[in-house]
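Got some structures for you, see below.
Both complexes shown next keep subunit A, but they swap its partner, so subunit B is in the first and subunit C is in the second.
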Partner chain A sequence: MRRDSDTPSSVPFPRRRLLHLGALLAAVAVAVSFPSMAPSPYEITVGIAILNYAVLSTSWNFVGGFTGYISLGHGAFAGLGAYATGLLVAKGELPPFAALFVAAALVAVLAVPVGYAALRVRGASFVIVSIALVLVLLLVFQSWASFTGGSRGLVVPRPFPGMLRAEHHRTFYFLFLALLATALLVWWLIDRSRFGMGLKAIREDEDKAQSLGTPTYTYKLVVFVVSAAFTALAGGLYALWFGDLDPVFQFSILSGAYMVLMALLGGVRRLYGPLLGAVAVGYALEYAKVEYGDTPLHLVVAGLLLGVVVTFMPDGVIPAAAALLGRFRDTGRTSIREVTAAELRGRREQSDGKEVRDGERRGRGA
Partner chain B sequence: MSDAEGAPEVGRKPAREPELGPGPEPSLATAGLTKAFGGVTALDSATVSFHHGKVNALIGPNGSGKTTFFNCVTGMIRPDAGHVTYRGRDLTGWPSHRIARAGIGRSFQLCRVFPRMTVLDNLLAAVRPRSLAGQLARSGGREETERARGWLTRMGIEHLERAEARHLSWGQQKLLELAGVLMSEPELILLDEPAGGVNPALIDRICDLVRELNAEGRTFLIVEHNMDMVMSLSDHVVVFDRGRPIAQGPPSVIQSDERVLGAYLGV
Partner chain C sequence: MPSASLVFQSVVLGVLLGGLYALLAAGLTLYFGVMRVVMIAHSAFLILAAYLAWYAHRETGIDPLLTLFVTVPLFFAAGVAMQRLLLTRLRPATLTMMSVLLTFSVALVIEGLLGYAFSGTQRRIRLGYSSASIEFFGARVAVVKLIAFGMAALALLGLYVLMKHSRFGQALRATIQHREAAQLLGIDTDRIAGYGFGLGLATAAVGGTALSLDTTIYPSLHWHWIGPLMAIIVVGGLGSVPGAAIAAMTLGMLQSLLQLELSTTWAQTVFYVALFATLAVRPQGFFGGRLAQRF
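Up next is the complex of A and B:
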């Protein structure tokens, strides 16, 4: 919840901002140079998988992070984005990247009635409702084989037919990176806006926010649609990259659960929380799949991680680390616990001390 | 002064008005407001009106429907029947954010702030942008930050602006809640037990604030059990019992009303 505007005290602020900027530039440099440093195309595919997770969990965080509505069904939007893109290319014969954006727009339109229904309920009920859509779509896409290819899968034509495999991966690595940057930028813009402030108020206390004049339902719906659109873009880009879709993987509860896990791990209140979570979980998942590919061990890893995060770091890694660091810094100005009762009394007396003491006397008399 | 039934209440007030010349300008008013929860009738055809520009109080024993009344008039819950008007405008069935935008702010019985936001953000979250561009604009601009700091200073909690609201004491949270409501620029402020769980010094401070804000033109409607506070602060008192008004008038009259004493003491 630390925004630029939260830090009006001038002393530590420019240094922190400089540090922030330096870290950001370093991260961008590493991300951009990664494909040329990777020893083989395989490492690039791991990079793509992680970037894909990062876009998905950042997209999820538009709803989960701002409003606190935990959607376990966001996999549905990724799957729909993937299938819509694949079908528009394979059957609609649209140019691949036109298909990608048309698909995302279609999913955004579909997200309006879905959000309209789902966002009426809160808390655990919303979680359950959000799962329903994934399960329904899984059945539809499996059964309607004449259109979707069913369990045999849907082959999506490659967007760059002449391109070699390594070059194909490299290109998609940068496409995913650009999508991630866009999602992060939009999240950041919302975070610092009044719209974002309203969304965060919903997370804190929805009725209270509404009683202060925030049109909560509209706000939730708008951010839900934005979230669905970004999720669909990630799914569609995955379809163009991977080239083969299967309903079991596209409409899996797991993909939604991974988004939640990654965002929670990194910290849903932070811009880079889901990205950090995606790097950690994505790498762990890939590692488990490579080393113990024929066992479901990656699920055990994910489950354990979720348990550890929720138990020990309910706010995620970033706030936990920040809190740890904060112990070594001067917190005199940020924490009221650092102010003793005597100091507080002193300050009060300086400003309106007489009034308070008079009040106390009157209060005792009454 | 008091009538057993809700219906004669309606007839009584206009009958008095000629004596007083032009009567007080109506603020919030309800007609036949009814709300039942299962078998419990919380509001039983309540017809009542409050005065614009004044400090109004709503009192009554526990369970007499005061909070339900607040929730119905602010759109938190839908009444089963009846109408709510504010300065002649029908607000019945409006969602609570529209009612807030019509100029009615409220506090909650169990003080509600945004616990994990900073004190300053609690106020910035109450800014109500009217245009789409205003909603997408950056939060915490100079003008609104200064306005927020102004309210915090007035409440005496400006030194806490960067603390998270959940770390504040109960009394400080009460002041923060009031500051948040004021930040949303209401004309009419509904306070649900402002003195509940608050030490005497702070009660005095809240009373002073209400008087000052009223003098600046804001209307108040206060639900409160602290009779000293109600009687010293308010211009107009309405007494509820079993979901309907049983008496209304200036504090001096209410204090000696037998029906009111009966409702409170169970005689």
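Up next is the complex of A and C:
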């Protein structure tokens, strides 16, 4: 009885697509023109920070969104990418952007054994491993001071020595934007592919996916490595932009938690979910830093926000809001008959089964 | 090569440390058993209890051990409330993953509030017997460490007796083993699960008080505890109390022995090495049974 395809309120497919395209173009236009509209370089740095968060949470979403494996330790890959880039530039004398890609490749290689250990187990143990990764790397990078600079930090030489500060920020804004676009594109491609379908099958029911012949372990490992590589690129780019690394901030469990928070807030099943979450949370974080300084209360706020999202909107704010809107919209998708049972019985007595459908349609129109 | 007496001293210290690890890991195992929940906030509550002991001592001068009479019931109630009000709200299908995030957020809130209330300054309780130590076959052991170990051992023993020799313990173990079957036998598994959670949190109260006796505390200290504790329960096999206890003793002793040769921070990596090695070789842990297979 349900007729999903010809519901009156649904927009015809091509028009809907145009709408999407228009929104996308508008978003790109805003993002590209932002640096020239920003009143001071400070706003551009806020933009860079938000873009950095967006790349990180989109990269996180390769694992979290597709497979449903929630990693709290993705900050480790960002930190590794940042340190690898920094060390390759500072000690390896590599050109900055070559170092960036070499670093991402190194992190991807390192993600293979990590993923090998972490993905053999499901659920709880996976999260434990991801947290442990951050904690152990923090210990190593703090203790191994002769190589990493330890708690004194590591200074990364600037990639464009002659450039003025404002110009430096502007350049990196566009670099981060390009990286974000690449990450989104790859996510979109995987989303539409057979590979993506297999990953989503893992998310819905790993045992069934496996029994239907999906190579679940290989798929998980591949997407884990892809995710780690993008996270490392974001971390490396951050290192080149910011120029100063401290293990406490690079291998912070909090940065991993922010990625999860942003992605969950926006909705992990959507392409733009993590991006929207990053804009909201990233802006709030930067605002709080300026207004209230660095008090421990930002931990409380982050914790409360994460708790609320996890408890009440595990699918994200956007799907939750859409569902709320959907309640007030007449979708026409209902099996409720607008006739009383007595009327229906009367009709049924009059006609055979085929004509009942017609009568019902009339009944709904009235 | 360190001398034999130094090694012996390390072994003794390792055992004392392992006792505390074992108690806390038993708490984590309880949560996992009753709810299939990995409780990241366990060590945050541990530090909270330590702060409460320190605060009570600073304000009134009472012995930190006396705060146990307040913190243990308080934490038990908090655990029951947390299970009933927060964790049961999560969808069963994604409970394990989402509960990690939820308890993680609780940990962040506790850390933030501790930092706000007491600042990030490092705190330490100074007691009359803080510097006292006794000779034990040539090893010098601080009295406070012995007290901490004694508390942990007593609490573990109490937990064991409760689990094995009381009706409540039987019901709790039945709930852990097979929830539906326990329900069929007339056990109110929801209530039992709540109490199980409360018991787990009570171990954090005991552990925190023990910790406050001889450790410098600060709000973000809990990250240094949760990692080793997580490693212990995975190595021991999720859901296995004896496994957790054995893993706690072994790894605690290894850490203590490694400190002879390496710095403290490097010695702590032994937990993570053990964790990764376990997952690569035997993902269900070394003592885990049926439960650990799927998690």
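Keep in mind that, in the parts below, the second predicted complex is superposed on the first by the 311 of 366 C-alpha atoms of A that agree within 3 Å, B and C clash if a C-alpha of one lies under 4 Å from a C-alpha of the other, contacts with A are read in each partner's own complex, and residues count from 1 in each chain.
Just so it is clear, a contact is a pair of C-beta atoms (placed from the backbone, for glycine too) under 8 Å apart; a residue touches a chain by one contact, two chains touch by 3 or more.
Everything quoted here is computed from the prediction, not taken from an experiment.
S.K.: For A:124, using the defined touch cut-off, is the partner it touches subunit B, subunit C, both, or neither? Pick first, second, both or neither.
M.R.: The answer is second: A:124 touches subunit C but not subunit B.
S.K.: In the superposed arrangement, does A:40 touch subunit B (first), subunit C (second), both or neither?
M.R.: Neither partner.
S.K.: Based on the superposed arrangement, let me know which partner A:213 touches: subunit B (first), subunit C (second), both, or neither?
M.R.: In the superposition, A:213 touches subunit B alone.
S.K.: Considering only the touch criterion stated at the top, classify A:201 as touching first (subunit B), second (subunit C), both, or neither.
M.R.: first
S.K.: Indicate the residue numbers of subunit A shared between its subunit B interface and its subunit C interface, in ascending order.
M.R.: Shared contact residues on subunit A (touching subunit B in one complex, subunit C in the other): none at all.
S.K.: Contact residues on subunit B for subunit A in the complex?
M.R.: Counting only subunit B, the residues touching subunit A are 74, 76, 95-97, 100-101, 105-106, 108, 112-118, 120-121, 124-129, 134-140, 145, 156, 159-160, 162-163, 167-168, 180-181, 184, 199-205, 228.
S.K.: Can you list the subunit A residues touching subunit C in their complex?
M.R.: 68-70, 72, 113, 116-118, 120-125, 127-129, 131-133, 135-136, 139-140, 142-143, 253-254, 257, 260, 264, 295-307, 310-311, 314
S.K.: Hey, which residues of subunit A end up touching subunit B in the complex?
M.R.: Within the complex, subunit A touches subunit B at residues 1, 3, 5-6, 8-9, 189, 192-198, 200-201, 204-205, 207-217, 333-337, 339, 347-348, 351-352, 355-356, 359-360, 362-364, 366.
S.K.: Looking at the complex, which residues from subunit C come into contact with subunit A?
M.R.: 32, 36, 38, 40, 86, 89-91, 94, 96-98, 100-102, 104-109, 111-116, 120, 219, 223-224, 226-227, 230-231, 234, 238, 263, 265-266, 268-269, 271-272, 275-276, 279-280, 283, 294-295
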